[in-house]
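Following are the structures in question.
In what follows, subunit A forms one complex with subunit B and a second complex with subunit C.
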Partner chain A sequence: MKTKNKSMIVIFLAPAIFLYTMVFLYPTIRTVIMSFFKVEGVTDAVSAWKFNGLGNFRTLFHTPLFMSALQNISLIWLVGGVGVMLVSLLFGVILTSGVHGKSFFRSVIYLPNVISAVAMGTMWINYVYNPNFGLLSSILKTLGFSEAAATQWTGPEMVFWSMLVAYCFGMVGYHMLIWMSGIERIPVDFYEAATIEGANVFQRFSKITLPLLKGVCRTNIVLWTVSTMAFFVWSQLFSPVNLSASTVTPMSYMYELVFGASNSAITVRDSGAGAAIGVILTIVVVIVFLFTQLIVRHDDVEL
Partner chain B sequence: MANKKIRQKTNWKKELALAPGYLIVGIWVVFTFVLIGWIILASFSTTREIFDGNLFKFATGLHPENYVKAWKTHKVSSYFMNSLVYTLISCTVVIIVAAPAAYVLSRFKFRGNGFLQNLFATALGIPAIMIIMPLFALFSQMHVNQSRGLLIFLYIAINVPFTVFFLNTFFHNLSVTFEEAAAIDGCSPMKTFWMIMLPLAQPGIITVTIFNFITIWNEYFISLIFANTAKTRPVAVGLYSMIQSMRYTGDWGGMFAAVVIVFLPTFILYIFLSEKIIASVTGGAIKG
Partner chain C sequence: MKKKLCSLMAIVLICAMALGGCGGAAQSSAPAASGEAPAGDAKSDVTVTYYSMWNETEPQGQTIAEAAEAFKEKTGITVDINWQGRDIRKTLQPALDAGQEVDLFDEDLERVNGTWGKYLLNVEDLAAKSYDTTDGKPLTDVINKKLVDLARSLGPDGKLSTIPYQPSTFLVMYNKDIFKTAGITAVPKTWEEWLDACAKIKAAGKTPITVDDAYMASLFGYHMARLIGKDKTLAMVENKKIDDPAVQTFGEQWKEMYDKGYISKNAAGNIYPAGQQEVASGDVAMYLNGTWLPNEIKNSAPADFNWGTFAYPAVGKDGDGPEANQYGAQCFGINKDSKHAEEAFQFIVFMTTGEWDNKLAAESIGVPMANDATWPTQLADAKAVLDATTTRYPWAVGMENDADINAKIKTNFALLVSGKLDAKGFADAMKK
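Let's turn to the complex of A and B:
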């Protein structure tokens, strides 16, 4: 019986482990190694790699465009993150407070996540932000703010914030679902007891909901970090021709550096630096993961 | 009677307390509808009507020819068919690979089980940027870059960890009595899996497959790098390249028609199955 199970375990796990090794494990290790070498083309043979120590990282931190990319991704992570977390938590609380049509609202708010980001971006750029017939300028005009209505939302000054708002709009639904499932796992009697004791809505929220959501909060922050580190499509959509300092992110910079478009601002291929960008992003994810775990672990509440 | 009245009264009071909530969520929902509704209207209008902001009048009638144009001359048909093939094959094979693995991990105690579970979980946090360069080099060497088969292979491999993760929980919640009964009847463990456990896991498999379908249908980065020729592009990359060329031709009606065609499959799927999709999001996220 036992040997039978053994062969079954091996046979059933082998394909998944093979794919994992080939597509996650081997590439990750190789990228880490590559980040310490001077590598020009991504297809260059290993024999052509030249050891470069931390040189790739040094080069990156002396490149103004990459520094813009880092600045942009930090703002997306922090400003966008705070915004998305607050709005999605607010929505989560509203939808779990006993409103009618909860599942309808929930479905509509999550909807942007099932639509291709390219399609969503096209809608925002060509409709919402259009200066002639766009939604934003129409609303502002109707309200009498003709000056604000003339703002070029996708112009160089506003494009970063326009991009951030459009991106965050879609992300709210995803994080709202995670908040909601956390809130729904809190036993109802906690609230009933608190209500009997005379706690109001805000007290119940700050004394029961919030502390019990620590674990969910951690999940949300980690997931937000993972998805923002991969920020790419939106930056390409909002600056389709060239990398621009206002929309570039580490991912789009790396794409130009390694795979390069024909009308690129970067003419030199540098795959070693591309790998270094990957390592930097991974380190960020790991740090955020460990940090959130540290905070929550201290007084985790088991439900 | 009296009882009913009281209940109604308290309800109204409660609804009033919830009013700000309705308002906030309502505005958001209306905005989403306006956004998508406008695109659909625009896809039936002429470029001129779009620019004049006269969408709701349809002065020159409906223009379904935008769709014909997008489908035929702008090659959306080719992108659409590519995506359909990629998505259907990948979704099927992902299950065939992930379900047995998830089953073994959830049912058998052996050395390294916990390690393997963690290993699959870490894949969810590895940025795509960490894996694409070596893969690109590897597949260039094998001369299979920019091919349909490669993209399908990558979609399968990339979606296996999440699927294992999701189905693991699902099998975990199935009762062990099924296997015990099968064993007594003389069914071998492997046969038990294919004949009994896999069919029992159907609800979980359907849920995770719908989610995988949407993910693969909308995938952009991997296909931009590994399948970016006019022939092999899936819809997301195809739409992007089309929008790029539209900026020169200025066919906005056609562009919005293409946008609608691209999001329609997942949109329709979502209208009917949103509960299942939402279940897979929360089911996958909470465990981490």
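Let's turn to the complex of A and C:
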């Protein structure tokens, strides 16, 4: 019986392990090694690689555009993260409080996740931020704020915040669903008992809901971090042809370095530096993950 | 024991299948020695694999697809087209490195020769032959000499390795009707004439010029080269220091354009293609862009849009004049490992001469390659500019070669034309 199990384990695990090694482990190790070499094209033969030590990392940290990318991604993570978490938690709490039309509102708020980011981006750029006929401009004009209506929402001073609002708009529904699943797991008895004891809605939220959502909070932060680090499409949409300091993110800069993706006929390709960006992003995600483990401890009440 | 053997065999089988899948594309093919074209005549029962930079739905893609069918009918040679679109920048090199069968590919002339030069077959010999659509002459004698010379100068070792098609020139594209309404009788050749034309356009109730984020670096590069010349402009990019005193002059001149209301009030926030759409709507008269513009905005511009083109005017006495312009083309390149180089070249000739050269130009409102071809009416003026061009600028006069410089121009130019920076502030910000 024992032997039989072992062979079955081997048979079922071998393909998975083999594929995992081929499509995940091998590229990961290759990328880490590549980050220490000077490599032009991503498919260049290893014989063409030149050892560069920490040179790629040094170059990156001396490149203004990469530093802008790090600054942008930090702001997206922090400001966008706080905004999305608060708004999605608010929606989550409202929708689980017995409000009518829960399914409808949940679907409506989640809808932007179903629509392609490219379509969403086009909508925001052309129909919300357009200074001639966009939604913002029209509303501000109607309200009589003609100076504010003339704001260049996609100009260099505002484009980062415009992009962030558009991105966060789409992310609220996703995190709201996670909050809702956490809130719905809290037994109704807790609230009933608290209500009988005279707790008001804010007390119920801060003393019951919030403490019992620690695990969900951790999940949300890690998922937000992972999706933020992969911030790419919105960056491309708000600066479609070549990079801008206001919208560049590490992923879009990596794309430029690895594929020479800009409009220019001659672009410097540097896959080694691109790999180094990948390594930096991985380290950031791991650090944030460890950090959230530290601040949001595993002391959840068993429900 | 038997079960163990079965398990082992199953694992080996799965591994073999997976490896087969991974390695299937890596076919070995003997590289042609020193990249020379193989001898021998074209065969008719072969398939040429072509990685195209177009999408099937673009006018160029549609025309090339039709041409491939006509080519098969005429020669029996099948051209199997892989529509890569602009993703070819990501997909071609891995495909070539993996040894996939790619006989023919295309992209921008500078990119193909610069980035993929080591994969190119030297086509000097093939181009020296005559073909049935070249009227008994070598191909290089019947197609645009300026572009052939350019392809040769950019090619590996200065040899012809690519054949250009769809030539383009970068110049001021303008709305002739607005010029006529404003009473402008001749296109501006100097900065004074330019300002005078802008004043007339403004008085006629239209906006003289616009730009969007994608072309700000080109505008800056062109204007700087007109102020201090091509070499000094390129040297700034080379040294990664945009610090010439003329940068402030640029700031003063474009601040004046902003102050007088000559540049679109949306220019600072225009995300491509918002700027060119302003031209299509008939609100803006001029746009510094390539000869591809009429094709790009044909769906939003009126069918009878009256296109005109002229070279960017002379700005300062130390800089270049209208005889200096950027021009280039798309181009076809043949894989040096191709087993069907002759057949692939036949298709290149088919596309760059005669009926299909004309059809490609007409369908894409582009410039034809053959010397005797007629340019589309929208670009009739551009031919004169290209013919008179004696100095060639590289793309954006180098300003897009460095992503940091490009990003800096985009931010600071936008701040300049929205009144947030003055000329000195602009020059200082560009120096940082």
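Structure notes:
Assume the second predicted complex is superposed on the first by the 279 of 303 C-alpha atoms of A that agree within 3 Å, B and C clash if a C-alpha of one lies under 4 Å from a C-alpha of the other, contacts with A are read in each partner's own complex, and residues count from 1 in each chain.
What we mean here is this: contacts are C-beta pairs under 8 Å (C-beta built on N, C-alpha and C of every residue); 3 or more make two chains touch, one makes a residue touch a chain.
As the structure is a prediction and not an experimental result, all values here were calculated from the model.
Judged by the touch definition given at the top, the superposed model places A:T154 against subunit C, while subunit B stays out of reach.
Using the contact criterion defined above for the overlaid structures, shared-chain residue A:S244 touches subunit C, although it does not reach subunit B. Taking subunit B and subunit C in turn and counting the residues of subunit A each one touches, the greater count comes from B. Of the two partner chains placed by superposition, only subunit C is touched by A:R269; subunit B is not. Legend: residue contacts after superposition of the two complexes on their common chain; A:L65 is shown touching subunit C, with no touch to subunit B.
In the superposition on chain A, contact of A:S146 is made with neither subunit B nor subunit C.
When the two complexes are overlaid on their common chain A, residue A:T43 makes contact with subunit B and with subunit C alike. Of the two partner chains placed by superposition, A:Q203 touches none, neither subunit B nor subunit C.
Contacts of A:Q293 after superposition: neither subunit B nor subunit C is touched.
Contacts of A:Y110 after superposition: subunit B is touched, whereas subunit C is not reached.
With the contact threshold set out at the top, residues 4, 11, 15, 19, 22, 42-44, 132, 240, 259 of subunit A are in contact with subunit B in one structure and with subunit C in the other.
In the complex of the two chains, the subunit C residues touching subunit A come out as 3-4, 6-7, 10-11, 14-15, 18, 22, 89-90, 93-94, 97-98, 108-111, 114-115, 213-214, 217, 265-266, 268-272, 274, 328, 394-396, 400-404, 406-408, 410-411, 414-415, 418, 420.
Taken in their complex, subunit A has these residues touching subunit B: 4-6, 8-9, 11-13, 15-17, 19-20, 22-24, 26-28, 30-31, 34, 42-44, 90-91, 94-95, 97-99, 103, 105-112, 114-119, 122-124, 126-128, 132-133, 135, 138, 172, 174, 177-178, 180-182, 201, 216, 219, 222-223, 226, 229-230, 232-233, 236-237, 240, 250-251, 254-255, 258-259, 271, 274-275, 277-279, 281-282, 285, 289. Those residues of subunit B that touch subunit A in the shared complex are 14, 17-18, 21-22, 24-25, 28-29, 32-36, 38-39, 42, 50-53, 97-98, 100-101, 103-105, 108, 110, 116, 119-120, 123-137, 140-141, 154, 156-158, 160-161, 164, 188-190, 193, 214, 217-218, 220-221, 224-225, 235-237, 239-240, 243-244, 247, 252, 255-256, 259, 262-263, 266-267, 269-270, 274-275, 277-278, 281-282, 285-286, 288.
By the touch rule above, subunit A contacts subunit C in their complex via residues 3-4, 7, 10-11, 14-15, 18-19, 22, 41-45, 63-65, 68, 125, 129-132, 150, 152-159, 238-246, 248, 253, 256, 259-269.
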